[in-house]
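As written, the chain order gives the labels A, B and C, with residue 1 at the start of each chain.
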Amino acid sequence: MTAALRCVIVRDLLLAARRSSDVLTVLLFFVIVVSLFPLGVGPEPALLRTIAPGVIWVAALLASMLALQRMFASDHADGTLEQMLLGATPLGITVAAKVFAHWVTSGLPLVLISPVLALQFDFPQELLGVLALSLALGTPVLSLIGAIGAALTLGLRGGGALLSLLVLPLYVPVLIIGAGASEAAASGLGGHAQLLLLGALLVFAWAFAPWATAVALRISVE
Amino acid sequence: MNWGSLDNFLAMGGYAFYVWGSYLVTLGLVLAEIVLLALRKRSALARLRLHGTAAQGGR
Amino acid sequence: MNWFKYSSPQTFFSLAGKLAAWFGVLAAIACGLGLYLGFFVAPTDAQQGEAYRIIFIHVPAAWMSMFLYLVMAFWAGLGLAFNTRLSGMMASAIAPTGALFTFLALWTGSLWGKPTWGTWWVWDARLTSELILLFLYFGFMALQAAIDDPRRADKAGAVLALVGVVNIPIIYFSVKWWNTLHQGASVSLTKAPTMAATMLTGMAVMACGFWFYSIAAALMRARCIMLERERASEWVVEYARGSA
């Protein structure tokens, strides 16, 4: 089973490496969206410091959603997905592996670059860790929940917009708790409660989302 | 609750816009739903009469 | 009595028609009674004046919006588990009515908020959760609309509805928490005025009325769905010719 996991993860990472532009465009989207907010609300530092965690989180949500489409699309197009459905490995395991690889290529870069962007907003340096940690815990949850949406909308017209409509309401708790962690830390209360909640969400999503995604994949492919 | 006069009832203590705005929209949308359903049924029946047992299922 | 015969669209169709008519009548009676209680029995509120009378729509609509989502998810789940066509049709039939009540809850909430809290929209925990519930309904309807094959649409919608049902408590909790954390300068949002018994009764009767209405509307819509989907069946064509 671990062999199957490793195999799928390595394969997906290799494929992503060959199509590195896919990964980079999502990252670039994230950076650009974050930069748009000061242009929209004005450069006043106190305001930017307040909205920084929220802005970065919303941008992470949107960037993560952009990347969702390619989770299953290319495998579906060339028939690999059907082989995975027919294969011996439980589909839930395969899905978990794919989601993990997807997170490494779309979520992890966001986590790593977020401190830089937060500094642009004059976010206090000592709080950068909380922000990055909240994203590190939150972006996998986004990938897991998003996988369900990606599986449900596989091959449908209306693709990206439909996927957003389905998935964004489900993202709301993650957004609230994730952004809340940095805001709580900034106001002196400490973000521990939120971070622990994010951890709980992650465990919960990790346990159930791959299975729901597998069910959705079977529905979409048959 | 004794309103006294029709005018008092319609004025709703100055909140006529809000109260009637709520109730009328509710009534309007509910009626719209019923009408739309009636229309939907009619067009479904018309299509059935036209095409008989079309072999394709679907919407 | 053999209930299972009603799991076939053909037998259910005529039952649904009769039930819809009955529930429609009951809804009209209940709403009439509720409105009478609301406008002619319940007294004026000390703090909010007559503006509070919106509550007789707002609260029942909100209750229905949540209740209908649960019922929708129930039927969808049943259809997914037992592969019954009719269950999926019921779920699809309920969705638009549920969305309607969600919108009405938001609309009346907004109109209630303006005179009482001074603003058209407040990011209060319940209004915000209600807004997200509206998005969940729209998502369900959009997903089903985007899928041509009705069986796939039913099952995909079912997965979405079930994921949504699991999420609703999480969403509500997180929004409530977010709201209390950020309460700050916002006005302490009182729920309803302290309820006179008549107000509570009026709300309860209206809620019954809305519930009967929802049943009637959902059954009517389910009949339309059956007419559209079961095109290939003889009984449907017979019925169409018969009702010319």
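Here is the rule we use: contacts are C-beta pairs under 8 Å (C-beta built on N, C-alpha and C of every residue); 3 or more make two chains touch, one makes a residue touch a chain.
If you're wondering where the values come from, they're calculated on a predicted model, not measured in any experiment.
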item	value
From chain B, the most remote chain by mean C-alpha position	A
Chain ID, smallest distance between chain and overall C-alpha centroids	C
Centre distance in Å when chain A and chain B are each reduced to the mean of their C-alpha atoms	42
Between chain B and chain C, centroid-to-centroid distance (C-alpha), Å	15
Between chain C and chain A, distance of the C-alpha-averaged centres to the nearest whole Å	32
Residues of chain C touching at least two other chains	none
Complex interface listing, chain C residues touching chain A	132, 135-136, 138-139, 142-143, 146-147, 152, 155-156, 159-160, 162-164, 166-167, 170-171, 173-175, 177-178, 181
Sites on chain C touched by chain B in the complex	39-44, 49-51, 53-54, 57-58, 61, 96-97, 100, 103-104, 107-108, 111-112, 114-115, 148-150, 213, 217, 220-221, 223-224, 227-234, 236-237, 239-241, 243-244
Touching residues on chain A, where the partner in the complex is chain C	148, 152-153, 156-158, 162, 165-166, 168-170, 172-173, 176-177, 180, 184, 201, 208, 212, 215-216, 219-220, 222
Interfacial residue positions of chain B with respect to chain C in the complex	1, 3, 9, 12-15, 18-19, 21-23, 25-26, 29-30, 33-34, 37, 40-41, 44-45, 47-49, 51-59
